[in-house]
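Got a structure for you, written out below as C-alpha coordinates; questions coming shortly.
In order of appearance the chains are A, B and C, and numbering begins at 1 in each one.
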(Lines give C-alpha, C1' and ligand atoms only; values in the text may rest on other atoms or scores of the structure.)
Protein backbone atom coordinates (compact mmCIF):
# COMPACT_ATOMS: atom_id res chain seq x y z
CA UNK A 1 0.00 0.00 0.00
CA UNK A 2 1.56 3.24 -1.04
CA UNK A 3 1.07 6.51 0.78
CA UNK A 4 -0.07 9.31 -1.47
CA UNK A 5 2.04 12.44 -1.64
CA UNK A 6 -0.93 14.36 -0.24
CA UNK A 7 -0.88 12.12 2.87
CA UNK A 8 2.88 12.56 3.07
CA UNK A 9 2.41 16.34 3.17
CA UNK A 10 -0.01 15.96 6.09
CA UNK A 11 2.50 13.74 7.92
CA UNK A 12 5.21 16.33 7.34
CA UNK A 13 2.92 19.09 8.59
CA UNK A 14 3.19 20.95 5.28
CA UNK A 15 0.09 22.82 4.19
CA UNK A 16 0.24 24.08 0.63
CA UNK A 17 -0.92 27.67 0.18
CA UNK A 18 -2.98 28.62 -2.89
CA UNK A 19 -0.62 29.02 -5.84
CA UNK A 20 0.59 32.62 -6.00
CA UNK A 21 -0.31 34.53 -9.15
CA UNK A 22 2.22 35.41 -11.81
CA UNK A 23 2.99 39.13 -11.56
CA UNK A 24 2.75 39.82 -15.28
CA UNK A 25 1.82 38.46 -18.72
CA UNK A 26 3.27 35.06 -18.22
CA UNK A 27 2.18 31.71 -16.83
CA UNK A 28 2.81 30.11 -13.45
CA UNK A 29 3.68 26.95 -15.34
CA UNK A 30 3.82 25.35 -18.77
CA UNK A 31 3.34 21.65 -19.52
CA UNK A 32 5.17 20.39 -22.62
CA UNK A 33 6.21 16.90 -23.76
CA UNK A 34 5.91 15.31 -20.33
CA UNK A 35 7.64 18.12 -18.45
CA UNK A 36 6.19 20.74 -16.14
CA UNK A 37 8.14 24.01 -16.14
CA UNK A 38 7.37 26.17 -13.10
CA UNK A 39 8.06 29.91 -13.04
CA UNK A 40 10.54 31.25 -10.50
CA UNK A 41 9.07 31.38 -6.98
CA UNK A 42 10.25 33.17 -3.86
CA UNK A 43 9.55 32.46 -0.18
CA UNK A 44 6.20 33.14 1.49
CA UNK A 45 5.75 36.55 3.10
CA UNK A 46 8.06 38.20 0.54
CA UNK A 47 11.01 38.84 2.89
CA UNK A 48 13.56 41.37 1.60
CA UNK A 49 17.35 41.27 1.85
CA UNK A 50 20.59 39.58 0.83
CA UNK A 51 22.26 36.45 2.19
CA UNK A 52 25.47 37.32 3.96
CA UNK A 53 24.04 40.76 4.75
CA UNK A 54 20.46 40.86 6.05
CA UNK A 55 20.18 37.08 6.44
CA UNK A 56 22.25 34.15 7.75
CA UNK A 57 22.69 30.82 6.00
CA UNK A 58 20.19 29.04 8.32
CA UNK A 59 17.63 31.76 7.54
CA UNK A 60 18.37 31.26 3.85
CA UNK A 61 17.81 27.51 4.26
CA UNK A 62 14.32 28.23 5.61
CA UNK A 63 13.61 30.67 2.76
CA UNK A 64 14.66 28.02 0.24
CA UNK A 65 12.31 25.51 1.91
CA UNK A 66 9.50 28.09 1.88
CA UNK A 67 10.08 28.88 -1.79
CA UNK A 68 9.99 25.13 -2.46
CA UNK A 69 6.57 24.94 -0.82
CA UNK A 70 5.41 27.78 -3.10
CA UNK A 71 6.68 25.74 -6.05
CA UNK A 72 4.73 22.68 -4.85
CA UNK A 73 1.58 24.82 -4.59
CA UNK A 74 1.95 25.59 -8.30
CA UNK A 75 2.62 21.93 -9.12
CA UNK A 76 -0.57 20.92 -7.30
CA UNK A 77 -2.50 23.66 -9.09
CA UNK A 78 -1.11 22.45 -12.42
CA UNK A 79 -1.62 18.71 -11.96
CA UNK A 80 -4.53 18.46 -9.50
CA UNK A 81 -2.41 16.20 -7.32
CA UNK A 82 1.28 15.88 -6.51
CA UNK A 83 0.93 12.14 -7.14
CA UNK A 84 1.30 12.85 -10.86
CA UNK A 85 4.94 13.89 -10.34
CA UNK A 86 7.23 11.17 -11.74
CA UNK A 87 10.47 12.93 -10.91
CA UNK A 88 11.76 16.28 -9.73
CA UNK A 89 14.13 16.90 -12.64
CA UNK A 90 15.93 20.17 -12.06
CA UNK A 91 16.19 22.92 -9.47
CA UNK A 92 18.05 26.18 -10.02
CA UNK A 93 18.51 28.50 -7.05
CA UNK A 94 19.13 32.21 -7.59
CA UNK A 95 20.41 33.53 -4.28
CA UNK A 96 20.40 37.25 -3.55
CA UNK A 97 23.85 37.32 -1.99
CA UNK A 98 26.77 39.38 -0.85
CA UNK A 99 29.81 39.18 -3.21
CA UNK A 100 31.75 37.36 -0.47
CA UNK A 101 29.00 34.80 0.23
CA UNK A 102 30.10 31.16 -0.30
CA UNK A 103 27.37 29.00 1.28
CA UNK A 104 24.93 28.87 -1.64
CA UNK A 105 24.81 25.08 -1.52
CA UNK A 106 23.75 25.04 2.15
CA UNK A 107 20.98 27.52 1.39
CA UNK A 108 19.59 25.58 -1.57
CA UNK A 109 19.59 22.42 0.58
CA UNK A 110 16.43 23.83 2.19
CA UNK A 111 14.59 23.26 -1.07
CA UNK A 112 16.42 20.05 -2.05
CA UNK A 113 15.72 18.34 1.27
CA UNK A 114 12.05 19.36 1.07
CA UNK A 115 11.73 17.64 -2.32
CA UNK A 116 13.26 14.42 -0.95
CA UNK A 117 11.07 14.51 2.18
CA UNK A 118 7.96 14.89 0.04
CA UNK A 119 8.74 12.67 -2.97
CA UNK A 120 11.39 10.22 -1.67
CA UNK A 121 13.65 8.98 -4.50
CA UNK A 122 11.43 10.78 -7.03
CA UNK A 123 12.52 13.97 -5.29
CA UNK A 124 16.24 13.49 -6.05
CA UNK A 125 17.02 16.12 -8.68
CA UNK A 126 19.83 17.70 -10.64
CA UNK A 127 20.50 21.22 -9.44
CA UNK A 128 22.66 24.30 -9.64
CA UNK A 129 22.89 27.50 -7.64
CA UNK A 130 24.61 30.88 -7.81
CA UNK A 131 24.59 34.29 -6.20
CA UNK A 132 22.58 36.91 -8.07
CA UNK A 133 23.60 40.57 -8.08
CA UNK A 134 20.03 41.47 -7.23
CA UNK A 135 16.61 39.80 -7.31
CA UNK A 136 13.12 41.11 -8.07
CA UNK A 137 11.58 42.88 -5.06
CA UNK A 138 14.84 42.18 -3.19
CA UNK A 139 13.67 38.62 -2.37
CA UNK A 140 16.45 36.55 -0.72
CA UNK A 141 16.01 33.56 -3.08
CA UNK A 142 14.14 32.44 -6.17
CA UNK A 143 13.64 28.79 -7.12
CA UNK A 144 13.35 27.81 -10.79
CA UNK A 145 12.21 24.21 -11.40
CA UNK A 146 11.33 21.45 -13.85
CA UNK A 147 9.32 18.30 -13.09
CA UNK A 148 8.68 15.12 -15.10
CA UNK A 149 5.00 14.22 -14.94
CA UNK A 150 2.54 11.39 -15.64
CA UNK A 151 0.50 12.40 -18.67
CA UNK B 1 -9.50 31.22 -40.85
CA UNK B 2 -6.44 31.60 -38.70
CA UNK B 3 -3.93 34.37 -39.12
CA UNK B 4 -0.40 33.10 -39.51
CA UNK B 5 2.19 34.30 -37.06
CA UNK B 6 4.04 35.86 -39.98
CA UNK B 7 0.95 38.00 -40.75
CA UNK B 8 0.66 38.81 -37.05
CA UNK B 9 4.22 40.16 -37.08
CA UNK B 10 3.34 42.42 -40.01
CA UNK B 11 0.26 43.69 -38.14
CA UNK B 12 2.41 44.39 -35.09
CA UNK B 13 4.95 46.21 -37.24
CA UNK B 14 7.70 43.81 -36.18
CA UNK B 15 10.32 43.07 -38.79
CA UNK B 16 12.62 40.20 -37.88
CA UNK B 17 16.31 40.86 -38.51
CA UNK B 18 18.53 38.09 -39.87
CA UNK B 19 19.47 35.78 -36.99
CA UNK B 20 22.66 37.02 -35.38
CA UNK B 21 25.60 34.64 -35.48
CA UNK B 22 26.87 32.80 -32.45
CA UNK B 23 30.13 34.38 -31.33
CA UNK B 24 32.00 31.13 -30.79
CA UNK B 25 32.00 27.34 -31.25
CA UNK B 26 28.41 26.83 -30.32
CA UNK B 27 25.03 26.83 -32.04
CA UNK B 28 22.34 29.51 -32.19
CA UNK B 29 19.86 26.77 -31.37
CA UNK B 30 19.46 23.04 -30.82
CA UNK B 31 16.33 21.00 -31.59
CA UNK B 32 15.84 17.92 -29.41
CA UNK B 33 12.79 15.79 -28.60
CA UNK B 34 10.25 18.41 -29.68
CA UNK B 35 11.98 21.32 -27.99
CA UNK B 36 13.91 24.21 -29.50
CA UNK B 37 16.63 25.57 -27.21
CA UNK B 38 17.79 29.05 -28.23
CA UNK B 39 21.14 30.49 -27.14
CA UNK B 40 21.15 33.62 -25.00
CA UNK B 41 20.39 36.75 -27.05
CA UNK B 42 20.85 40.44 -26.23
CA UNK B 43 19.11 43.51 -27.65
CA UNK B 44 19.78 44.88 -31.14
CA UNK B 45 22.51 47.49 -31.48
CA UNK B 46 24.47 45.99 -28.57
CA UNK B 47 23.81 48.76 -26.02
CA UNK B 48 26.15 48.75 -23.00
CA UNK B 49 25.33 49.42 -19.35
CA UNK B 50 23.55 48.28 -16.21
CA UNK B 51 19.91 48.67 -15.19
CA UNK B 52 19.61 51.05 -12.26
CA UNK B 53 22.81 52.79 -13.37
CA UNK B 54 23.09 53.57 -17.11
CA UNK B 55 19.50 52.59 -17.89
CA UNK B 56 16.00 53.07 -16.43
CA UNK B 57 13.38 50.35 -16.08
CA UNK B 58 11.40 51.57 -19.15
CA UNK B 59 14.60 51.46 -21.19
CA UNK B 60 15.20 47.96 -19.86
CA UNK B 61 11.69 46.97 -20.94
CA UNK B 62 12.50 48.04 -24.51
CA UNK B 63 15.81 46.14 -24.42
CA UNK B 64 13.98 43.01 -23.26
CA UNK B 65 11.51 43.41 -26.14
CA UNK B 66 14.38 43.92 -28.57
CA UNK B 67 16.22 40.83 -27.27
CA UNK B 68 12.94 38.93 -27.67
CA UNK B 69 12.83 39.96 -31.34
CA UNK B 70 16.39 38.66 -31.73
CA UNK B 71 15.23 35.37 -30.22
CA UNK B 72 12.33 35.18 -32.69
CA UNK B 73 14.76 35.78 -35.55
CA UNK B 74 16.62 32.64 -34.45
CA UNK B 75 13.36 30.70 -34.09
CA UNK B 76 12.36 31.64 -37.65
CA UNK B 77 15.82 30.67 -38.90
CA UNK B 78 15.53 27.32 -37.09
CA UNK B 79 11.98 26.41 -38.12
CA UNK B 80 11.47 28.25 -41.40
CA UNK B 81 8.29 29.76 -39.98
CA UNK B 82 7.11 30.87 -36.55
CA UNK B 83 3.88 28.94 -37.22
CA UNK B 84 5.68 25.77 -36.15
CA UNK B 85 5.87 27.08 -32.54
CA UNK B 86 3.41 25.12 -30.38
CA UNK B 87 4.24 26.92 -27.15
CA UNK B 88 6.75 29.32 -25.71
CA UNK B 89 7.88 27.13 -22.82
CA UNK B 90 10.43 29.01 -20.77
CA UNK B 91 12.11 32.41 -20.65
CA UNK B 92 15.00 33.27 -18.35
CA UNK B 93 16.14 36.87 -18.15
CA UNK B 94 19.65 37.74 -17.02
CA UNK B 95 19.60 41.44 -16.19
CA UNK B 96 22.83 43.38 -15.90
CA UNK B 97 21.81 45.29 -12.80
CA UNK B 98 22.86 47.43 -9.91
CA UNK B 99 22.93 45.55 -6.54
CA UNK B 100 20.03 47.73 -5.33
CA UNK B 101 17.87 47.14 -8.44
CA UNK B 102 14.47 45.53 -7.70
CA UNK B 103 12.42 45.91 -10.89
CA UNK B 104 13.65 42.85 -12.78
CA UNK B 105 10.09 41.65 -13.36
CA UNK B 106 9.06 44.90 -15.05
CA UNK B 107 12.08 44.72 -17.33
CA UNK B 108 11.47 41.11 -18.39
CA UNK B 109 7.83 42.02 -19.14
CA UNK B 110 9.16 43.61 -22.35
CA UNK B 111 9.98 40.14 -23.64
CA UNK B 112 7.00 38.36 -22.05
CA UNK B 113 4.46 40.77 -23.54
CA UNK B 114 6.09 40.48 -26.96
CA UNK B 115 5.62 36.69 -26.86
CA UNK B 116 1.93 37.05 -26.00
CA UNK B 117 1.37 39.71 -28.69
CA UNK B 118 2.95 37.46 -31.28
CA UNK B 119 1.72 34.00 -30.26
CA UNK B 120 -1.43 34.68 -28.19
CA UNK B 121 -2.05 31.91 -25.62
CA UNK B 122 0.80 29.91 -27.14
CA UNK B 123 3.03 32.76 -26.01
CA UNK B 124 2.22 32.35 -22.30
CA UNK B 125 5.38 30.93 -20.77
CA UNK B 126 7.00 29.99 -17.49
CA UNK B 127 9.77 32.40 -16.65
CA UNK B 128 12.36 33.55 -14.14
CA UNK B 129 14.65 36.54 -13.87
CA UNK B 130 17.56 37.77 -11.78
CA UNK B 131 20.23 40.43 -11.68
CA UNK B 132 23.61 39.34 -13.01
CA UNK B 133 26.85 40.72 -11.59
CA UNK B 134 28.01 41.38 -15.13
CA UNK B 135 27.06 40.29 -18.64
CA UNK B 136 29.09 39.59 -21.78
CA UNK B 137 30.05 42.80 -23.60
CA UNK B 138 28.23 44.72 -20.83
CA UNK B 139 24.86 44.11 -22.53
CA UNK B 140 21.93 45.27 -20.34
CA UNK B 141 19.98 42.01 -20.70
CA UNK B 142 20.25 38.50 -22.12
CA UNK B 143 17.24 36.30 -22.87
CA UNK B 144 17.57 32.52 -22.61
CA UNK B 145 14.61 30.57 -24.05
CA UNK B 146 12.97 27.22 -24.80
CA UNK B 147 10.13 26.59 -27.26
CA UNK B 148 7.94 23.54 -27.90
CA UNK B 149 7.67 22.91 -31.64
CA UNK B 150 5.67 20.98 -34.23
CA UNK B 151 7.92 18.24 -35.57
CA UNK C 1 34.34 2.95 -39.33
CA UNK C 2 33.45 5.40 -36.64
CA UNK C 3 35.73 6.27 -33.78
CA UNK C 4 34.08 5.90 -30.40
CA UNK C 5 33.96 8.90 -28.16
CA UNK C 6 36.05 6.96 -25.67
CA UNK C 7 38.81 6.59 -28.29
CA UNK C 8 38.41 10.27 -29.13
CA UNK C 9 39.08 11.15 -25.49
CA UNK C 10 42.27 9.12 -25.57
CA UNK C 11 43.36 10.90 -28.77
CA UNK C 12 42.68 14.24 -27.12
CA UNK C 13 44.64 13.19 -24.03
CA UNK C 14 41.59 13.69 -21.83
CA UNK C 15 41.29 11.33 -18.89
CA UNK C 16 37.94 11.49 -17.14
CA UNK C 17 38.15 11.58 -13.35
CA UNK C 18 35.63 9.64 -11.26
CA UNK C 19 32.40 11.64 -11.13
CA UNK C 20 32.50 13.98 -8.13
CA UNK C 21 29.81 13.42 -5.52
CA UNK C 22 26.89 15.76 -5.05
CA UNK C 23 27.47 17.77 -1.87
CA UNK C 24 23.95 17.37 -0.51
CA UNK C 25 20.56 15.66 -0.87
CA UNK C 26 20.39 15.89 -4.60
CA UNK C 27 21.51 13.89 -7.60
CA UNK C 28 24.51 14.32 -9.88
CA UNK C 29 22.12 13.82 -12.78
CA UNK C 30 18.55 13.00 -13.70
CA UNK C 31 17.42 11.20 -16.87
CA UNK C 32 13.93 12.09 -18.08
CA UNK C 33 12.21 11.73 -21.46
CA UNK C 34 15.41 11.29 -23.44
CA UNK C 35 17.30 14.10 -21.71
CA UNK C 36 20.14 13.93 -19.21
CA UNK C 37 20.21 16.87 -16.80
CA UNK C 38 23.58 17.27 -15.07
CA UNK C 39 24.00 19.19 -11.83
CA UNK C 40 26.21 22.26 -11.85
CA UNK C 41 29.93 21.34 -11.84
CA UNK C 42 33.02 23.43 -11.11
CA UNK C 43 36.64 22.95 -12.21
CA UNK C 44 38.93 20.26 -10.78
CA UNK C 45 41.02 21.20 -7.75
CA UNK C 46 38.33 23.65 -6.52
CA UNK C 47 40.20 26.88 -7.29
CA UNK C 48 38.83 29.97 -5.52
CA UNK C 49 38.40 33.49 -6.89
CA UNK C 50 36.65 35.81 -9.31
CA UNK C 51 37.30 36.43 -13.01
CA UNK C 52 38.61 39.94 -13.54
CA UNK C 53 40.06 39.90 -10.02
CA UNK C 54 41.95 36.75 -9.00
CA UNK C 55 41.89 35.21 -12.49
CA UNK C 56 42.46 36.30 -16.11
CA UNK C 57 40.25 35.35 -19.05
CA UNK C 58 42.72 32.67 -20.31
CA UNK C 59 42.73 31.14 -16.82
CA UNK C 60 38.93 31.23 -16.89
CA UNK C 61 38.95 29.46 -20.26
CA UNK C 62 40.97 26.61 -18.70
CA UNK C 63 38.61 26.47 -15.71
CA UNK C 64 35.63 26.22 -18.06
CA UNK C 65 37.33 23.37 -19.90
CA UNK C 66 38.13 21.64 -16.62
CA UNK C 67 34.52 22.03 -15.42
CA UNK C 68 33.41 20.57 -18.76
CA UNK C 69 35.58 17.50 -18.12
CA UNK C 70 33.91 17.14 -14.71
CA UNK C 71 30.55 17.28 -16.50
CA UNK C 72 31.66 14.55 -18.93
CA UNK C 73 32.72 12.39 -15.98
CA UNK C 74 29.13 12.57 -14.72
CA UNK C 75 27.75 11.82 -18.19
CA UNK C 76 29.94 8.72 -18.43
CA UNK C 77 28.87 7.66 -14.95
CA UNK C 78 25.22 8.15 -15.93
CA UNK C 79 25.30 6.43 -19.34
CA UNK C 80 28.17 3.94 -19.04
CA UNK C 81 29.65 5.38 -22.22
CA UNK C 82 29.79 8.81 -23.85
CA UNK C 83 28.75 7.11 -27.12
CA UNK C 84 25.14 7.27 -25.92
CA UNK C 85 25.16 11.08 -26.20
CA UNK C 86 23.07 12.12 -29.22
CA UNK C 87 23.56 15.85 -28.77
CA UNK C 88 24.91 18.32 -26.28
CA UNK C 89 21.73 20.40 -25.95
CA UNK C 90 22.39 23.27 -23.61
CA UNK C 91 25.24 24.76 -21.58
CA UNK C 92 24.79 27.57 -19.05
CA UNK C 93 27.90 29.13 -17.56
CA UNK C 94 27.75 30.93 -14.21
CA UNK C 95 30.93 32.97 -13.99
CA UNK C 96 32.11 34.32 -10.65
CA UNK C 97 33.06 37.73 -11.98
CA UNK C 98 33.94 41.29 -11.22
CA UNK C 99 31.10 43.78 -11.95
CA UNK C 100 33.22 45.29 -14.75
CA UNK C 101 34.04 41.93 -16.38
CA UNK C 102 32.88 41.63 -20.01
CA UNK C 103 34.62 38.53 -21.42
CA UNK C 104 32.16 35.87 -20.23
CA UNK C 105 31.83 34.47 -23.75
CA UNK C 106 35.58 33.90 -24.09
CA UNK C 107 35.63 32.09 -20.75
CA UNK C 108 32.71 29.78 -21.59
CA UNK C 109 34.41 28.93 -24.90
CA UNK C 110 36.70 26.67 -22.86
CA UNK C 111 33.75 24.38 -22.24
CA UNK C 112 32.09 24.87 -25.63
CA UNK C 113 35.23 24.00 -27.58
CA UNK C 114 35.80 20.93 -25.41
CA UNK C 115 32.33 19.64 -26.33
CA UNK C 116 33.00 20.11 -30.05
CA UNK C 117 36.44 18.47 -29.80
CA UNK C 118 34.92 15.45 -28.07
CA UNK C 119 31.57 15.07 -29.85
CA UNK C 120 32.07 16.84 -33.21
CA UNK C 121 28.77 18.19 -34.60
CA UNK C 122 26.91 16.44 -31.78
CA UNK C 123 28.82 18.75 -29.45
CA UNK C 124 27.38 21.97 -30.96
CA UNK C 125 25.02 23.30 -28.30
CA UNK C 126 22.83 26.23 -27.39
CA UNK C 127 24.32 28.19 -24.56
CA UNK C 128 24.15 31.25 -22.34
CA UNK C 129 26.46 32.81 -19.80
CA UNK C 130 26.43 35.55 -17.18
CA UNK C 131 28.42 36.90 -14.27
CA UNK C 132 27.28 35.70 -10.88
CA UNK C 133 27.57 37.91 -7.79
CA UNK C 134 29.10 34.99 -5.96
CA UNK C 135 29.41 31.24 -6.39
CA UNK C 136 29.41 28.34 -3.93
CA UNK C 137 32.82 27.87 -2.30
CA UNK C 138 34.02 30.88 -4.35
CA UNK C 139 34.56 28.66 -7.42
CA UNK C 140 35.45 30.73 -10.53
CA UNK C 141 32.85 29.02 -12.76
CA UNK C 142 30.00 26.52 -12.65
CA UNK C 143 28.69 24.69 -15.72
CA UNK C 144 25.04 23.66 -15.89
CA UNK C 145 24.19 21.29 -18.75
CA UNK C 146 21.60 19.23 -20.61
CA UNK C 147 22.28 16.35 -23.02
CA UNK C 148 20.03 14.43 -25.42
CA UNK C 149 20.70 10.71 -25.11
CA UNK C 150 20.08 7.36 -26.81
CA UNK C 151 17.58 5.46 -24.69
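Keep in mind that, in the parts below, a residue touches a chain if its C-beta (ideal position, glycine included) is under 8 Å from a C-beta of that chain, and two chains touch if they have at least 3 such contacts.
Just so it is clear, the structure is predicted and the values come from calculations on it, not from any experiment.
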{"item": "Inter-copy rotation, chain A to chain C, in degrees (Cα atoms; steps of 5)", "value": "120"}
{"item": "Same-site or different-site touching of chain A by its copy chain B, using the half cut", "value": "different"}
{"item": "Rounded Å distance, chain A centre to chain B centre (Cα mean)", "value": "24"}
{"item": "Chain A: positions in contact with at least two other chains", "value": "33, 92, 99, 131-133"}
{"item": "In the complex, chain C residues that touch chain B", "value": "33-35, 52, 86-92, 97-106, 108-109, 112-113, 116, 124-133, 146, 148"}
{"item": "Residues on chain A engaged by chain B in the complex (per definition of touch)", "value": "23-30, 32-33, 37-40, 92, 94, 99, 131-138, 142, 144"}
